[in-house]
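First chain A sits with chain B, and in the next complex the same chain sits with chain C.
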Partner chain A sequence: MIITFCILSVFIIIGAVSTIRLHNIVYAVFSLMLLFSAIAGIFLLLMAEFVAVAQILIYLGAVGVLILFAVMLTHSVTGSSGKNIYSNGWGWGLLLSLSILFATLLPAIYFSDFPSDPAVEIIEPSVKKLGMEMMHSCVPAMWLIAILLTAALIGGIVIAAPPQKR
Partner chain B sequence: MQDTLNLFVMNIGQWLSANLGTLNNPDQIIVEIARWLRTEFGNWGVVGFILANLMATVPLIAVFSGCFALTTWLERKGLGRIQNRYGPNRVGPYGLFQPMADGIKMLLKEDIVPERADKIGHFLAPVIIMIPAMTGLVFLPIGRNIIAASIDSALLFFFAIGSIVSLSVFMAGWASHNKFSLVGGMRAIAQLVSYEMPLILSAVVVVMFVGSMNTSVIVEAQQIKSWVTSDAPALQCLGQVLGWHVFQPWGLMGFLLLFVSALAEANRSPFDLPEADSEIIAGHLTEYSGFKYALFFLAEYVNTFAIIGICTTLFLGGWNGPNIRPPWSDDPQALLIPGFVWFFLKIFVLMGIMIWIRGTLPRLRIDQLMGFAWKFLLPLAIINLLVAGCFYHMEWYFGWPFSILILCKSYAIVVRLNKSKLVNSNRTYTYA
Partner chain C sequence: MLPLEYILILSAVLFFIGLAGVLIRRHVIIMLICIEMMLNAANINFIAFWRYNPNPELHLGPLFTLFSIAVGGAEAAVGLGLVIAVYRFYNTANADKFDMLKDS
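What follows is the complex of A and B.
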């Protein structure tokens, strides 16, 4: 389990760094996809299969395709090589992020008291409970989302419709 | 080493006498062997762990790749029959070894990469397209207790994994650095995204009815339990057939919708616009040759098998079939014929229907393709959802006529709306 976690973490770090650093935006999109799928793998490792599915469905399937469509509409896929990625203040940024890491995050992780025993005895399938919750207490929110999505769909049809002839 | 081997042989003997001596469960022999092997591997440490994992995945890959080979032969033979010619008949009996000859030919072909192509993307696309294809197979219950991953949200996982296909298709189209490839890739993505809606909506009906997304639970819900466990062989036989969801009005509608969307989702004819030879010279496959091209086709056929398998699992009863309990067995769950026989039979029947459709139906135009998804399949799928909800809460003598009436009426209305001037005005050619 720890080996799998390490492999996935390496993938996440590689994906994140190359998403930012690569000049070619299509490569950047694909490394973002790598990042998303590795995060889905981490969720699977934590036995949160529904969250993993949502991660794949929404981020890899929907957001990925959306970004790809945006990329297809851009003119120069390969950005001008060189300077514009490096800015003058990168040293300060590195210092700031490292200080946040060492001053707040690491102490917080070390000094917080994690339970050593599992919180629940038996891991029950989470999907059914989630569905029940959604259909009982979250029904108004679901209705609102449904109305919103319908409105968005109608709006899309209106935009896509050919102009009326006079 | 000698001791281990001796122990191994002794264990096999013990296990054979314990399990096969009585043959209580003839359909579970493979499962028992696998279970015993897994406990045996448990003592071998890391090697055993790897072996146990391989044991779950390698048969899937091997069997479905074999099915791919058989299907290419079947398809060429069937199309030949429809078009009044012989089809492959030179290699082996009835040309059965033709897939092998094809494979060797593909392997020996030169792998051409265009000079301006994006080398990494061009290489990665056929690799990535294999991931969703092979992962989709994991969720299919091939027989009773034969499933690689019996997880709780299997159906959702299946459709989520399927959405990665569009990503690799785009990668292939973009990396080839060819405008036909790019346009083909865009068309493929538009088609896959559009047909995902009716595909999922027609599958949701079953989830509503069964109350679970676990594929093994869905298959078991399609038995009439009291008939299967009864003593009369005829009842046992019927109990595993009449319970299929396709024999209910919403199920028949859902099956037809799912099958048509599956045709489009797997890029099968008559929806094979992204890759047909006569449409923008095979779209994203234009610049591929040799074994990369073969990989695309392997992925496509495995994808087709996965999606047909889901059709079978959801509506055609999965591994259920006209099956009886062996007379000598005292286990009420035991079956005489292993479930995977029925499963593969159904898969090949559906594949045969797909080949038949390919031989006889003309291809759709791109605007007809989009219109078909959004104006025909989607409304019917939503109406079917509504009907299934009502059917669930009604008595059968009220639910049957009600749902048949509503479904037939709504089908007629949707067809008439699609034919009327309101929706389908004359097409204006802007750029042609």
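What follows is the complex of A and C.
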């Protein structure tokens, strides 16, 4: 288990670092897809198989293709973004994020007491139970998500549509 | 077996890389991609805490992660629409050039 976790985390770190280091945006999107599939592997390792499938369907399938289309619509299809890819004052941004990592996140993990083993050894794959739970106790959240997705998709179309010629 | 700290450290590092990408890159689409990366780090945390708690039969972790994935998809759609609209206005995707509100 720990060997699988190490391989998957190497893929995740490689995908993330090459996403923010690559000059070509299309290649960055491809390494983002590598990252998403490795995260789906982490979900499988933690026995959340339905979430892993949803991750592959939504992030790899929908969001990845959506970002590729946005690259094609804004940039040239080759996606190259020139010599200088970093913003003005990028050192301050790197310093801020490093300080957040080393001053809050890692000490919080280090000084807390976490279990070293899962309390339950094997969780039975139960999509049926997940669906029953979703349709019983989470119905208001489902309504809110439905309204949010409708509003977001209509709003995205309205924002991205070309302005009307008078 | 795998200690919980390792998964939390992995998601903290992933969150750090996403935050650094938002702050140091100048391309707007890369910034959106890095926001998606931070959302995924949060999802890893949800699933990890659900897996290690003594009562995982309630399936609260996968439920919350599914809702979080749905919100992430909506955010990607609206964000890319905004990117296309802003690109049409400024003719560039460089975030340093978006300075219409700046007093210059």
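In the analysis below, the second predicted complex is superposed on the first by the 103 of 166 C-alpha atoms of A that agree within 3 Å, B and C clash if a C-alpha of one lies under 4 Å from a C-alpha of the other, contacts with A are read in each partner's own complex, and residues count from 1 in each chain.
Methods note: a contact is a pair of C-beta atoms (placed from the backbone, for glycine too) under 8 Å apart; a residue touches a chain by one contact, two chains touch by 3 or more.
Just so you know, these numbers come straight off a predicted model, no measurement behind them.
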Check: Regarding the shared-chain residue A:G61, is it in contact with chain B (first), chain C (second), both, or neither?
Finding: first
Next item on the list: For A:M72, decide between first (touching chain B), second (touching chain C), both and neither.
Entry: first
Next item on the list: Applying the touch criterion given at the start, work out whether A:M134 contacts chain B, chain C, both or neither, answering first, second, both or neither.
Entry: second
Check: Which of the two, chain B or chain C, is in touch with more residues of chain A?
Finding: C
Check: Taking the superposition as given, does A:F50 touch the first partner, chain B, the second, chain C, both, or neither?
Finding: both
Next item on the list: Give one of first, second, both or neither to describe whether A:F30 is in contact with chain B, with chain C, with both, or with none.
Entry: first
Notebook entry, point to check: Touching chain B and also chain C: which chain A residues?
Noted result: 50, 62, 69, 126, 162
Item checked: chain A contact footprint on chain C (complex, rising order) -> 1-10, 12-27, 29-30, 32-34, 36-37, 40, 43-44, 47-48, 50-59, 61-63, 65-67, 69-78, 80-85, 87-88, 93, 95-96
Next item on the list: Going by the contact rule at the top, pick out the chain B residues touching chain A in the complex.
Entry: 118, 120-121, 124, 151-153, 156-157, 159-161, 163-164, 166-167, 170-171, 174, 182, 186, 189, 193, 212-213, 428
Checklist line | Complex contact set, residues of chain A against chain B | finding: 26-27, 30, 33, 49-50, 53, 56-57, 60-62, 64-65, 68-69, 72, 125-128, 162
Checklist line | Interface residues, chain A side, partner chain C - complex | finding: 1-2, 5, 9, 12-13, 16-17, 19-20, 25, 28-29, 32, 35-36, 39, 42-43, 45-48, 50-51, 54-55, 58-59, 62-63, 66-67, 69-71, 73-75, 81, 84-88, 90, 92-94, 96-98, 100-101, 105-106, 109-110, 114-120, 123, 126, 129-130, 133-134, 138, 141, 145, 148-149, 152-153, 155-160, 162
